[in-house]
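Got some structures for you, see below.
Next come two complexes, and both contain chain A; in the first it sits with chain B, in the second with chain C.
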Partner chain A sequence: MTASMNDVLALADDKLMLGHVQSDWTGLGPILEEDIAASAMAQDDLSHALVLYEFLATSDAQDGADELAFGRAVADYRCCDLMTLPDDFDWAVATSRRFLFAHFAAILLQDLRTADNAELAERAIRLQGEQAIQTTHLNAWMVRLGTGGDDAYARMQSALNTLAPHAGMLFEDIEDRDDRFARWQTAIAGALAEAGLTCDVDFPVASVKGGRRGAHAAHFIEQHAEMTQVRAAEPGAAW
Partner chain B sequence: MVSEADVRSTLDGIDDPELPCSIVQLGLVETVVIDGGAVAIELLPTFTGCPALAMIEDLVQTGVTAMADVDACTVTWRFQPSWTPDRISEAGRKRLHDHGVTTPESCCGGADAATVTLTTSAVTCPYCGASDTRLDSPYGPTRCRQIHFCEACRNQFEHMKHVQGTPLN
Partner chain C sequence: MSKRRDIMYDFPGDLPGGKPDDAHWAVYTRKKEDGPARWAGYLDAVDVTLALQYAREHYGQDEVCTGILIHRHEALADSEYGVDPIAGGDASGDDGEAWTVFAQRRRGMIHIEAGTVRAPDAATAVARARSKFANGKVSNIRVVREADCYQTTPDELAIWRNHDMSYKLARGYSKDVRAKWAQFRSRSDDDRYASEDIKDHY
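On to the complex of A and B.
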């Protein structure tokens, strides 16, 4: 398979942004184990972004991974703005967003495993194993919260209702998006059915431009500004 | 000239910064290639998000460069073959167990990585030996460990994590 470098960049940008946003939960998770898990998944996502940026930086003779992550103009990021949608520290929204995205990432990584480019395929195989731990863990939590009593159920369904209008945009400008959208719906259907939850996501409309084509929401721009603050203040600073 | 065995012996003296186990015992060392005074070492990360990778790289650089007849040492991280707990040696397993960290018996490498099963039945408590244990969370204090709980002695303990679609047990 000839992998789309645009897809690789989209996935890396998604993981970079979600990794940053999710890090806000460190120390604030509802129980200790989930506090650790949320931070660990954020750490995973940032490292996955790095592994993909490093590949892009060497294969496209681009600037280094840091330059790709922090040095681009806002319109050059290809992430879906579902990543930076504020969760207002609502655990139901945070968990549901992770769940919806984790399955999307798993499908892309699954496909990249057979990329013609051996270096990319090797990285995807490694990352997919780690991604599968996320999807398994998040499936379990969707079910646990969806079946955890009336209050938990209501919060989870409300979270999914909030996220559903944005989730289709994960597939904006992605290769084979009809096929991948269908596979993603199948992937999330199992846990949702077991949880008694619904999430009706529409396929993206081509005329609506979103993050994958550089038309970012205000919350992305805000997050990006915060994320690149140190770099802006001290260009070329080394850690 | 320095030999591969000498280099591996030096590497066996370097413990993982987060575990009482050497990087050789953990199975992180994939290849050691010697070309005159130049040593090239390929390592496998347990998990890509392990924050200790840079430190391990530094420890290896420093340790190997200090050896007699070594002029230069390069360290590269490889993604394939993927590290799995199968790579942990018997000595490594013993050291981890003594520290309260259990390891999976064996791994069925090559299984489809799309799904993982979080099973717990086969994990024996490192403190009391009971098998009445359960998985608390697949995310533990480091990227390579998950948290289990022993119903018999009421202790929490850690277990090395499977990746690559193999059972997490």
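On to the complex of A and C.
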């Protein structure tokens, strides 16, 4: 398939932002082992963003990976604002968001494996394995928490209800979005059904402009400002 | 620190108690599919599914790993730890259940899977394992019932992080940044020297 550079950038931006947001949980996870696992996944996301930015920087003769990650104007980021939606340190929201996004990322990486560009395909294959760890892990936790008693179930369903209106925007302005949306719904349906949870996500309407087209929410702008603070203090610093 | 961490949250009610249902699991990894399981570390998890999941994530990514073996900590029985190699003994027999044997070559080194013995109970398993594997060359023998050992399956291999991981390692400061730091520290030293010199002078 012919890979859309816009899709690659969207995925990289998603992973960059979610990696930063999820890193906030380091040291605050509900149990030690999960704290470590969630932090490792946040590191994975940041690493995956780097791999994709490096590809974009070399293939499109763009600025370096760091410049792509930290040097762009807010409107030039193509991430979905689901990534920076405040979770208020609610573990149910954080887990559910990662679950919804991990399956989306897995589908994009699956498609990028067959990209015409061999370099991109090789990178996608490399990342897909780690993405599978995330989906496996998060599927298991969705089921554990969904079936973990009335309180856990209520928290998880409430989290999904909070996220569902924003989750459809993952599919704003990406290639083959009808097909990918259908595959994503199938991908998340198994774990949700086993957990007894529901997540009714609407396909985004074209008239609603969101993060994929550069119209970002205030929480993205705040996160971006914090994330680029060091870069702004020392423009052009090499690390 | 993230600004988001500045937010103080109030959680109603008492904090939950400990984790009485958590079990302590021992983890071993294999570098090669047909290679021995080598001691990797411990983790806590409520059941075997979660324990294998965490084992893959915590111990399957630090180095090439083709398989993982875990058992609950209390499932093991072992010989004494010798400063010198322990004696082998002459226990023999092949009745009873199968036990996986791990041997530690020298005190302080890791336990590595050595093979199996059959025995009706843990004490007999240790004795037979000593006889079969000690040979005056190991400092400790550990046995675990095979039925208490849980392993990943070959179809899970696709998810190991067993590729080049260098891209996710933290990178050091470049020469430019190091030079800036050196310049900054030097300037700071000069300022302090001047300040103290003036104070002493007057």
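Please note the rule applied: the second predicted complex is superposed on the first by the 237 of 239 C-alpha atoms of A that agree within 3 Å, B and C clash if a C-alpha of one lies under 4 Å from a C-alpha of the other, contacts with A are read in each partner's own complex, and residues count from 1 in each chain.
Note that a contact is a pair of C-beta atoms (placed from the backbone, for glycine too) under 8 Å apart; a residue touches a chain by one contact, two chains touch by 3 or more.
Keep in mind that this is a model prediction, so the values were computed, not measured.
Asker: Given the superposition on chain A, are chain B and chain C in a clash or a fit?
Answerer: clash
Asker: Tell me which partner A:89 touches in the superposition: chain B (first), chain C (second), both or neither.
Answerer: second
Asker: Looking at the overlay, what does A:33 touch: chain B (first), chain C (second), both, or neither?
Answerer: A:33 contacts both chain B and chain C.
Asker: Is A:132 contacted by the first partner chain B, the second partner chain C, both or neither?
Answerer: In the superposition, A:132 touches chain B and chain C alike.
Asker: Can A:167 be said to touch chain B (first), chain C (second), both, or neither?
Answerer: After superposition on chain A, A:167 lies in contact with neither partner.
Asker: Could you say whether A:226 touches chain B, chain C, both of them, or neither, answering first, second, both or neither?
Answerer: second
Asker: A:24 contacts which: chain B (first), chain C (second), both, neither?
Answerer: Second partner only.
Asker: What is the contact status of A:143 with respect to chain B (first) and chain C (second): first, second, both, or neither?
Answerer: Once the two structures are laid over each other on A, A:143 reaches no partner at all.
Asker: Considering only touches as defined above, state whether A:9 meets chain B (first), chain C (second), both or neither.
Answerer: Neither chain B nor chain C is touched by A:9.
Asker: Based on the A-chain superposition described above, do chain B and chain C contact any of the same residues on chain A, and if so which?
Answerer: Comparing the two interfaces on chain A, one with chain B and one with chain C, the shared residues are 33, 36-37, 40, 43-44, 46-47, 50-51, 126, 129-130, 132-133, 136-137, 140.
Asker: Would you pull the chain C residues touching chain A in the complex into a rising list?
Answerer: Spelled out, the residues of chain C in touch with chain A are 2-5, 7, 9, 19, 22, 43-45, 49-50, 53-54, 56-58, 61, 158-161, 163-164, 167-168, 171, 173-174, 176-177, 180.
Asker: With touch defined as at the start, can you tell me which chain A residues reach chain C in the complex?
Answerer: 23-24, 31-33, 36-37, 40, 43-44, 46-47, 50-51, 86, 88-89, 126, 129-130, 132-133, 136-137, 140, 144, 222, 226, 237-239
Asker: Given the complex with chain B, which residues does chain A contribute to the contact?
Answerer: On the chain A side, the touching residues are 33-34, 36-37, 40-41, 43-44, 46-48, 50-51, 106, 110, 122-123, 125-130, 132-133, 136-137, 140.
Asker: Over in the complex, which chain B residues touch chain A? Could you list them?
Answerer: Interface residues on the chain B side: 47-51, 78-80, 82, 113-118, 136-141, 143, 147, 161, 163-165, 168.
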